[in-house]
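Next up, some structures in structure tokens.
Consider the two complexes below, in which chain A is the common component and chain B and chain C are the respective partners.
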Partner chain A sequence: MRLREFRFAALLTMRVPYALNRLLQAIPITLGILIFSFILIKLAPGDPITMFVGDGGASPEYVAELTRRLGLDRPIHEQLTLYLWRLLQGDLGTSIHQGSSVLSVIMARAQPTIVLMACGITSGVIAGVLLGVYASARPYSRRDNVIIVASLVLYSLPGFWLGQMLILVFSVKLGMLPAAGMSSFVVGAGAQWLDYATHLVLPTITLGAGLAAFVMRFVRTSMIEALGQDYILTARSKGLSDLVIFYKHALRNALLPVVTYVGLRVGHILSGAVVIESVFGWPGLGRLLIDSLFARDYPLIMGMFIVVSFSVVLVNLAVDILYSYIDPRIRAQ
Partner chain B sequence: MKDWHFLRQAHSLWERFSPNRLGVFGLVILLFYVLIALFANVLAIYPPLMTGSGPSFAGLSAAHPFGTDNLGRDIFSETLYGARATLVVSFLAVVASTVVGLGFGAIAGYFGGWVDEALMRITEVFLVIPAIFLALVFVSIFGGSAWNVVGVIALLSWPQMARLVRAEFLVIKEQTYIDAARTSGAGNLHVIFREILPNAISTVIVNVSLTQASAILIESSLSFLGFGDPAVVSWGLMLHNAQKYFNQNWLMAFIPGLSIFLTVLALNLVGEGLAEALNPRRNVRAASLPR
Partner chain C sequence: MRSFFVVAATIFMLLSGVSGANAQTPAAAGKPVYGGTLMAGMPLDLRNLNAAIFNATRTGQLVSVNLFDGLLQHSTWGDGKLMPGLAKSWKMSSDGLVYTFDLERGVTWHDGKPFTSADVKFGIQDICLPHHPVGRLNFSNIKSIDTPDANTVVITLKTFDAAFLGRLDPKWCAMAPKHLYEGTDIPNNKYNWAPVGTGPFKFKEWVRGSHMIFEKNENYWRKGSNGERLPYLDRLVFRVIPDETTLISSLESASIDYIPPLDVVPSAEIPRLNKTKGVKTITWPYANKDIFFLFFNMDRPVTRNVDARQALAHLVDTQDIITRVFSGSAIASSSKDVGFLTWFTGTNAPYYAYDLKRAEELLDKAGFKKDKDGKRFQLNLTITTESPEFLQIANLLKTSFARAGIALDIKVYDAAAATERVYKKLDYDLHIQTVAVGPDPYLLNKTWHSSNIGAGWITNASGYKNPKVDQMLDEGVRIVDVGNRKAAYGAIQNILMTDLPMLPIASSLKVFAFNDQLGGFPIGYTYRETLAGVHWLNAVPKGR
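Up next, the complex of A and B:
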């Protein structure tokens, strides 16, 4: 009890500076993303006004007003400051096609993507951890080799093709699961959740497969390392069962880096989700991005670019701080 | 004399690489696809985009080894030409990203200080932005020509290379033989190119093959989503066209996707094999383990 209290007090005093430090480190990255997006807009060929009003043409008064409002008549560094200042206030502009604010359009479509990513990450991590542990129990055996090759195969599989093949087998040939969308048009009462879940199965598998491949190799390596440590020998000599040693002692330590690892891969997972949403017609941010790209809705495109990149920075930051909370050794460095 | 030295090195690399059966397997697949890409015009039965080379959705036959697609294009010929587009675009992107990454990584690692700080912050920005997102935004703004695709893949891939090279440089520049070279009067350029770089090159080579794998994935994702060059057949474009026709001819999706998968797998296997062959530390560990 005493020890625990002591640790808690130590955490309180040490966590704050670490978190603050990490927060400060995230600022230049965020600023970099914003400046980069500004450069992208500036480099775009063609007149930014036409980009905003479209090819339909607008009255000269409107063009003049827009030029002034967008600050295009000012020097470039003032434009950048204006751009950053507007973003700081949460103003990402207005979507050309939807007519409403970019932020509200993005928020309305974020939920399906978050659900898909949560399911993909959960299933990917669970499958990866189980297979990684299974492989590490007999390192360099046939079983281990099979799992290593399986992981190589899984992470070389392009998500969009895996998705197509799953649709081909489970929807087109076997007719077991729906091929596209998030829900059916006609659903009996009370079956809504089930309907939702059946639509989630194939995209989840597709998204989770790639992550599982990475996680299983990662867990395997760190399990083998953990099992070679002295405290495992101690546990063995105390006569603890293999099960306890495996799951309680080794896995707990081997899982720690997995947390950071998955957090750092959130960007990749999101990239995967964009493509997979397109395969399965999943109505999330990926679908929104593709639609807005085809519609050339530039304010929406750039808004999504900023929001998504910023979310990745936030997740990385959160994971880092969480990790320092779980593993005190990190803060000491 | 120099040529013989190179041959001897290549031979010793092969001796260390060849025991890795998976690596050799990957190399064979890779060579297979490279040959296909090189000789696509000789091997193909029809021009790649020729519609009506047969009836739509024709089954397997001698005239159409993989059947035809919705417009009667020969899937076999399309796949051969697709190899060319996919491999060339990703290869050029990898060359560009390797040159840029190597340059910036070397400068950052060797000189350190604020140059290093600034470059590392820039790479962090690129590593945070989800790859497909940036690629799509870039292509939508600048257009989906092959050169733009090369450019955006290079833009996405150089930070990884730069960070790896920097890390190698940081370690190597502290070695005593670098001090020795400097005291005997070697300048910065000599030290960077003749002393440090040759020792960092194994990391670069391994990363080249892994980067090529991810370049192929980005290229085909872009064409799959419909943002590539529609006039150039690539595996991604074939998958894009196949989406609506699963019922009619499933080979339309199966063949190009399998090709992407096998090439990426081959590159990953070769990369792993090279990493094992080139990294003495890993090699010792691998050699001491039962196979």
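Up next, the complex of A and C:
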């Protein structure tokens, strides 16, 4: 264990310059995304003032004053320059609709999304790996075929539909699990964490299902390929048990593409979370993004773009580092 | 249908001896009990909770009214009457310029400080007037506000305004405390997000995008219609559930107890929900007369022609729309018996029954004859994503218009984009939108007065310019005599239905869906009824 920790520390030391380099590369990419998004949002029809004043309208004086207060009366290049200048000072601005700093609004909503994504990815990967290994043990058998067809169906199901079906069965018909939200607010609901956990079950399944299906197919194919390799034959000839061959030799190799895949899919999973958060009333970043877009809350939309794009870059970086930890060949380079 | 609801509601009100703001649905089988929690589900979160400074969207109104009171309040039944609020009575001088309000005694803010006339003066003058989006439109006509004692407020106007009292409804000026707002940056005052009001419930918690929790105000000043203490409930929880299907499923699985009438329960779902164990629905007409209108852009080659507009009106089968889109839960807004302002004027107006033959005659007369393929022209119909009914109506119109050789291209935008395209640039041919023409008909100015062309969300998008109507609308709010005012708006209704910049179609009924162990919901609806009278029946269920 100590040796492993030492290796990991050594690896980190080796990868730090690489990570810093990648982070520095991320800055111009994020800046490019920012400028492009800023212009795109301004070009989109509609404005935050209309959405701010609501369906009852507003007096011309009120609109003029609000426009001035929000700086929307300035030319677009001035608005952009001012925004970037403030950003350099770490100020993401103030949400027009919520009246709080963009960073605090995003941070408050990040936790539910991180929890949901972590649970969805973890459960999706675990289920996918287990089913993939299980199916690959007897390729083209009945159980393999059943798992393949099931994964195909699961992968094809739209998240919003699957979510609704799960709600219909487990909440409405069976009354086993809550339909929406993060808490039941019921008097005497018992432990808060348990209440939270029960609310997490259905969104996690919905988010993880598609991932599990894809990972399963990935692992199955990789495992079948790995099990046909010479080093597996060598391992068998050494008299190693099936368990060791399966999990230590074959699976480790089969997992490499899974790690890459999951890393690349984080952006997609986040966009899936947008839909799933709406279906389950999960108050995370996905729902915040939709609300901010409908409200044309420019500072919040921009803040979301920055946080999301930077998060994806960070996750990809983490995957790179993890990849080299898992694969000794890359570590050696 | 409409008369049925009017009669039914009148009977309810007479039998229960109540009316207006305090009115409640007749007691269901069971005895009201105090205590418990009500969990309401909402499709949207709010911007802030201070109704004095935001032009509350529908969601905002129905939430914040539980925390705040207005000086007065419109009746829930849409008869245009005003009910007492924090002002228990009021007098108007003979010239209609001076209003004297006598305030309720013993009212306290949620922090225990007394509510006085100084709060009213500060509230109108320093909060609502400068900081409410329509504050300047509503209150610039005030010459002075005097407070001769702690319980009396005297407001003097510069000119007579028939709609003035209605502007004191909490939608336009909820009362917020002077002692917490004076000398502060009012739009950014922290109490906008954690309010202190005089309403039946006190603010406890708000987790953005998730929920709000309010607790019972033990010192609430208002009593129920039978003199009982209000509110009944100990706790209100508003949960944000954006997906409408999930919202309904949450009610069916008893995760929530109440879905307010926010147009999230489709009319077609009512029969099924009424058969669902533990769920009940009631429907009421919206007191503020929210009507589905078909807008005609009067700056387009086809729709600038009045014959063409009238022809298109004859192609709108209102009864078919009511049956197929609203499953019967709507009231026609233009027919032989009823015009869209009949509720105020008592008079009818020209109407356009579905008549394909007449429509074709008018189109031919206007010079839009069919070509050899039986086609006349194509129009775009712009709608928003705000209500699923818009698309359903649009699809029915597409079929109906096609019979007369008119092709419809349906374009769907979100509210922000539609505001830009339809209401500011007038870049459309036809448009469907709900427009509230009540509780006072002065609201007609917004969508029919030429000064409001291109003025933003739900304004005069037809580009309608009729100097005579402009003048009549300007004068409409200055007429002191009620009878004369009704006659004036009757004349306006006639002109508008002849010129036809917009065709009124129907007004949908508002659906309350709730746990059948609840009672005490109000009769009628304005979005501004508190949940003070709502209670559990016989016993508070487990977990509530």
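What we mean here is this: the second predicted complex is superposed on the first by the 243 of 333 C-alpha atoms of A that agree within 3 Å, B and C clash if a C-alpha of one lies under 4 Å from a C-alpha of the other, contacts with A are read in each partner's own complex, and residues count from 1 in each chain.
Quick note on the criterion: a residue touches a chain if its C-beta (ideal position, glycine included) is under 8 Å from a C-beta of that chain, and two chains touch if they have at least 3 such contacts.
This one's a predicted model, so the numbers in the text were calculated from it and none came from an experiment.
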So, does A:Arg109 touch the first partner chain B, the second partner chain C, both, or neither?
second
First (chain B), second (chain C), both or neither touched by A:Leu314
neither
Should A:Pro28 be classified as contacting the first partner (chain B), the second (chain C), both, or neither?
first
Quick one: is A:Ala44 in contact with chain B, with chain C, with both, or with neither? Answer first, second, both or neither.
both
I'd like to know which partner A:Gly281 touches here: chain B for first, chain C for second, both or neither.
second
Touching A:Val172 in the superposition: chain B (first), chain C (second), both, neither?
both
With the two structures laid over each other on chain A, which partner does A:Ile301 touch: chain B (first), chain C (second), both, or neither?
first
Kindly classify A:His268 by the partners it touches after superposition: chain B alone (first), chain C alone (second), both, or neither?
first
Based on the superposed arrangement, let me know which partner A:Pro158 touches: chain B (first), chain C (second), both, or neither?
first
Residues of chain A that sit at the chain B interface in one complex and at the chain C interface in the other, please.
44-45, 160, 164, 167-168, 172, 278-279, 290, 294, 296
Show which residues of chain C lie in contact with chain A when the two form their complex.
37, 39, 41, 45, 47-48, 54-58, 60, 133-137, 171, 187-188, 192-193, 207-211, 213, 237, 239-243, 245-247, 249-250, 252-255, 413-421, 446, 455-459, 542-544
Would you pull the chain A residues touching chain C in the complex into a rising list?
44-47, 50-63, 97-99, 105, 108-109, 160, 163-164, 167-168, 171-172, 175, 178-189, 278-281, 283-284, 287-288, 290-291, 294-296
Contact residues on chain B for chain A in the complex?
22, 121-122, 124-125, 127-134, 136-138, 140-142, 213, 217, 220-221, 224-227, 239, 242-243, 246-247, 250, 253-254, 257-258, 260-261, 264-265, 268-269, 272, 289-291
What residues on chain A touch chain B, complex-wise?
28-29, 32-33, 36, 40, 43-45, 140, 149, 152-153, 155-158, 160-161, 164-165, 167-168, 172, 267-268, 270-272, 274-275, 278-279, 289-290, 293-294, 296, 301-302, 304-305, 308-309, 312-313, 316
